[in-house]
Each structure stands twice: as C-alpha cells, then as structure tokens.
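Two complexes, one shared chain (chain A), two partners (chain B, chain C).
Right, the complex of A and B next:
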C-alpha cells in the first residue's frame, strides 16, 4: 500500500496515457494513485478534521455575527490576499516541478521546487509578522471567540506549512540523488502542498472575506 | 492467543506448561495490560470520577463544590493513584517493538518513552491529586475548591506539549522504518492526533463554546481521534508481537531445544 515507488518507464507510459498517444493508443491503461496511497489517506482525513473546524466556526459566527464581523474588519485583507497569491504561486511552481520530474529534467525540477519552497517560507514570515502586529496591539485572544478561531486556524495552518516545507526539503534531496528513482515521493509532496494551499483558500475566505 | 508453541522452535521450554513455555509470554502480559489499563481508566474517569466527559467550566460554585466533594470522586482518585503505573508495561512493550525497527535512531524510541513518562504527570497524575485534595478536604473554602477544579481539568485536557512530541516521534520512526512494522498510514494518523490535540490549547482562555475544556473541538473531536489512533496502534502492536520471529527474541537455548 505504502511502498508504491514508480519507475520512469511507467511514468512516461502513464503521461502518454493521460495526454493521448503520440502514435497509437496504449495497450494497457495504467490505473494508479498518484503519489502514495498513505498520503491520500492523510489528506482526506485532514480535510475532514478541518471541515469539522469550519462547521464549528460557521455555527459560532451565526450566533454572534456582529462580534465576528468586527473581528474580521480588524484583519488586513491586503496582507491576506498577498499571502494567498504567494501560496497559489508556490503551488503552481511545485506542480511545474512535478511536470519537469516526469520529463526527467531534474535540474529544472529542483530550481522550481526551491522557488516554491522559498515562497512558502515568505508566507510563514508574513503570517508571523501579522501575528506580531496583532499581539502588540493587545492580546486579542482574550477579547472574544473570533480571535481564538483566528489564531487556531492560522496557527494550525502555519504548522501544516512548516511540515510541508520539511516534506519539500525531503523531495529536494530525493531529486538531488543521481538516480532520483522515486517519482511517487515527488507526487506525494505535491499532493500535500496542494492540500495546504486548499486549506488556506478556505481559511482566507472564512476569516478575511466572509 | 499465540501459535508460538511449535515443538521444535528454539526458545521454547518443553518442560513447562504450554502457556508458560511461550517465549513471548512477557510481551503478551504487557500487551494484555493495555485493555486492562483502559478498562480501569474508563471505570475511574467515566463511571466513578465523572471526569469524562468533562462537566462545563462555567458551572456554578455550589455545583463545583458538590462535584469535588462527591464520595465517588474520592474512590476514583484512590483507584487512579494505585493503577496509573500499569501504563508502564505498555511503554516497555512499545520500546521493545520500536527496537525492532530498521534504520531508525534509538534516540526516537528513548524520546518516545521519556516523553510519555513525563506527559503522564500533568495529563493524569496532577489532575488526580487536585481532585484528591478537593475530595478529601471538604472543609476547604468554596473558592479553593473552584481553583482545584479548574487546575484539575486544565491539566487533564490542556496538557499538550508532551503528547504532541510523542505522536511526532512515533510518526518519524514509522516513516523511517525500513521494516514497516507499523503501516505508514498510522504515522499520518499520528499527525491527525497531533493536530486535534493542539486544538485543546485555548482551554486556558475560554469557558464556553467549542474551545472550552468540555468543547466539541477541544475535547470531543480530539478524544474520538485519539481513541481511534490508540485502537489502531494496539492492533498493530498485537500483529507485531505475533509476527516477531522467535529467533529474534535472544533467549538462551536449553539443551532440549538444540
């Protein structure tokens, strides 16, 4: 289940299968889960856990809409939007890295991954700065439910991004190996990074925009 | 329980009864201590102590005093003080099995055991003593009882740090293990447990809503995920002991086994 390492021959057949044959149709379609099945198990479960958080938030927001709105207005939408763009661009770079890996262009893949990771680090720095400003203005967690949700969601997401950066570092080291045999690992890393991105889009919409 | 009693296998003493000659007897005793511990845990915290599911932090002072001075709570804390150590058998078993992992630094398993030992203090023993003090000193002022009540529950639900490291160390060990004693998805499961544990952090701030110590997120979700994780871990621990080759046990051979 978990040790689904995937060779380049299989990968190129699979890519051909997806993109349509250059000549004739492939004999056998290859059915597989991109990355590692265990990673998908994690992503689905993690999204379910966050769905519970979001449902609780929506319920509590409906109880005291004015207090939540007041809290939301004190957040900087520009900074939130800028962070969203950063993370989306980072996701795109990681997707391009995966594409380059499938074509065996490892140097290019590493550069794209490095850029993607750097944007992830920038995201964390901006988030930390945003927290700093909030805490300097007086500890807002004591002033109501909204800020507990704000710090909880952004904090958990911060933790996910940090874990994602560790995973991207492992992927980078894998790509640096001369053999670079484990495409499944690059795919699993990309799957995780996209989940982090998806979570942020929902958190951004719920906390900053709604 | 175990099919290890193959006559010619090394490490089996034929002169003893079948059960006692089982070379994994020590591990099986430790293993079955796990359900025993959790049944006791249930009796103490759910039936006698009424600590789980937790009562609301926003309870009236008179109700808190009634809770703290309940005779059932005093029975619960006495049982807890006597039986908490059983968990050490489980820790010993985890150490034994984690030792079998390949390509995993010993630091991870020692860290795992140490952090579990330390985490048991704020997570179980401190609340036990807070409740014990309340239960056995009914003459205390109501305000002191309220403080003990709060301290007890904040320790019980809010002690996160050690357990977070425990889940992290376990996840890393499973990821690195070339032998795959535990499935990789269990490592990811540990990360969920970690995330849901973190959500209990605001119990120190809020007294109502999902982040209070009796809240949907701070208590119920984390507990459900933890119970599921513990069940899976116990199942795979069972499997790991069962599939462990007898040669690996390092028992001294007796003449009749050669």
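Right, the complex of A and C next:
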C-alpha cells in the first residue's frame, strides 16, 4: 500500500484497530507498514549490523569473563538505568504524539514531540557526563577490551540519538505546517526514534548488567 | 494547555506498556547490581543464569517496543516475522556465544 493513499480517516480506523476490541473496529484489520518503507529497510538493516557487533562482544566476553565483569562493575548501573527510563518515557511521548497526529491534533502532537525530544537531549547530556568522568579517571580504568566496546557501542548509539533528534526536529517543523501529507513522515520519525530506544535496551543489558 | 488531553492516559495501552517497561528495567537493574554482591571470589561463569534472565528481560522489552510503540503488531506478516526472527537471533547469538565460545 502506498503511504500517500493512507488518509486521516483510515488512520483513525487504524488507531482503533491498535487499541483492540473496544470501539467499532473495522471488519478486516488493516495490515500496513507505518511510515515509509525506506525507513523500515534502514531500521532492520541497522539492527542486523548491530547484531554482528553484539556477537563479537559476546564472543570476546566469553574469552575474558572476569576482565569484562570488572569493567562492567566500574560503570554506573544507576545512571544506565536512569537513562533507560528517560528513553522509554521519550518513546512513549513520541508514540502519543503519533496518536495525536492521527486525530489531527497538531498542536498537542507538537507539545508531546517537544517533551519527547527534550528527554532525548537529557539522555545525551547524561551520556556525555558519564564519558567525561571515565576519561577524567584516566587510562588505568579504561584499559582493556571492555572499554573499547563500551565507547564503541555508546558512541554509535550517541550518533543514532543525535540523528534521531534531527529527525524529530524535521517532524516538528512538518507538524507546524499541518498539511495532510505529513502523517507518513511523523510515522517514519517515530519508528526511527523507537529503534534508538530499542538499541539502548539491549546495549544497557550487554554493557551494564549481564 | 494540557498536552495529555483526550489521550485517556490511564486507560491507554501505550501507558500500560510503558509502565511494564519501566518496572522490568528496575527489575533487571536490581539483578545486574547483584554482580557487586557476588563479585568476591565468584567465577563469572556462575553468572550465566543471571545473565540469561537479564538478556531474556531485554528481549521481552524490545518485543513490547516493537509490537506496541512501533506498531508492528498491526503490520503485514513479513514484517512481524522479520522482527521476531531478529529478536530470537539476538538471544541465541548473544547467549550461545557467551556460553559456548
């Protein structure tokens, strides 16, 4: 189904379908891909590339389990968990923004998007502070393979969050126009932002907890 | 104006999913923190059970984000299967390599 043919009327039907049996759900559920197909191609590809990195990490960790565990213990699990909650909340706000957009509540959608984006910025600031503390502490703390992976994973993820913020800004500007064509763009932006959240969930488990 | 108006926040499935995600984050954070308690003289291999639970929780969390936030539950079958195949692969690859490599 081409996205341009997906109207706001269909969108509200789609929302009802997502909400479950309550309300007047359409007879036959609409199976469709939110946003643009290109975004999904990118998201799935990106996830597989990250999976290769995770495989390398798991293999190397199995070779030196104690060294990796020691590296892991020098990270702040509390900050990692706090950052996870920040990104999860940000994801919720962006999901609600999409819901508001489908109801054509563009002002409300912009408010929710702004809140979601602000939490994303907070995430980046906390991550930068965490790096600063690690780098300040000097090389002895950072030596070893664990920290190579730590900086690689968190660095790549940092770039993804930054790109996500650029995309959310574009979505915000699109919502200001409030033209009928912006729904697919809001959906695609939301999909990307949720992928950033997705990656952090597994990176948090691999680096901070396992 | 209240940015949450007309969203029935407390009856909203998205909010329920979010609450569950935060709760499981706290649970795995507590589990991961247990490393500090067993560090003394414990072999990292003994952590395999804890590690498996932590990875399993992460997989469940990611499935919920994919299903409800990314709305894949209402997507065509090929995308639902692609996402589930990815999740299963991550679990098998990470735990398999960590355990047997």
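Everything below uses one rule, namely that the second predicted complex is superposed on the first by the 175 of 210 C-alpha atoms of A that agree within 3 Å, B and C clash if a C-alpha of one lies under 4 Å from a C-alpha of the other, contacts with A are read in each partner's own complex, and residues count from 1 in each chain.
Just so it is clear, a contact is a pair of C-beta atoms (placed from the backbone, for glycine too) under 8 Å apart; a residue touches a chain by one contact, two chains touch by 3 or more.
If you're wondering where the values come from, they're calculated on a predicted model, not measured in any experiment.
Enquirer: Does chain B (first) or chain C (second) touch A:72, or do both, or does neither?
Expert: Touch partner of A:72: chain C, not chain B.
Enquirer: If we overlay the two complexes on their shared chain A, which of chain B and chain C does A:152 touch? Say first, second, both or neither.
Expert: It touches chain B, and chain C stays clear.
Enquirer: With both structures fitted on chain A, tell me whether chain B or chain C touches more of chain A's residues.
Expert: The partner with more contacted residues on chain A is C.
Enquirer: After superposition on the shared chain, which partner residues are touched by A:163: those of chain B (first), chain C (second), both, or neither?
Expert: first
Enquirer: For A:46, is the partner it touches chain B (first), chain C (second), both, or none of the two (neither)?
Expert: first
Enquirer: Regarding the shared-chain residue A:130, is it in contact with chain B (first), chain C (second), both, or neither?
Expert: After superposing on A, A:130 lies clear of both chain B and chain C.
Enquirer: Given the touch rule stated above, what does A:36 touch, chain B (first), chain C (second), both, or neither?
Expert: The answer is first: A:36 touches chain B but not chain C.
Enquirer: Counting contacts the way the document defines them, which residues of chain A are shared by the two interfaces, the one with chain B and the one with chain C?
Expert: After superposing on chain A, no chain A residue contacts both chain B and chain C.
Enquirer: Which of the residues in chain A come into contact with chain B in the complex?
Expert: 1-3, 36-39, 41-42, 45-46, 49, 52-53, 56, 60, 141-142, 145, 148, 152, 155-156, 159, 163
Enquirer: Inside the complex, what are the residues of chain B that reach chain A?
Expert: The contact residues of chain B facing chain A are 180, 183-185, 187-189, 191-192, 195-196, 198-199, 201-202, 205-206, 209-211, 216-217, 221, 225.
Enquirer: Quick one: in the complex, what on chain C touches chain A?
Expert: Interface residues on chain C, with respect to chain A: 1, 3-7, 12-15, 17-18, 21-22, 25-26, 28-29, 31-33, 35-36, 39, 43-45, 47, 50-51, 54-55, 57-58, 61-62, 65-66, 68-71, 73-77, 79, 82-83, 86, 89-90, 93-101.
Enquirer: Which positions of chain A touch chain C when the two form their complex?
Expert: Going by the criterion above, the answer is residues 14, 17-20, 29-34, 40, 44, 47-48, 51, 54-55, 57-59, 61-63, 65-66, 68-69, 72-73, 77-78, 80-81, 84-85, 88-89, 91-92, 94-96, 99-100, 103, 105, 107-108, 111-112, 115, 190-191, 194-195, 197-198, 201-202, 204-206, 208-210.
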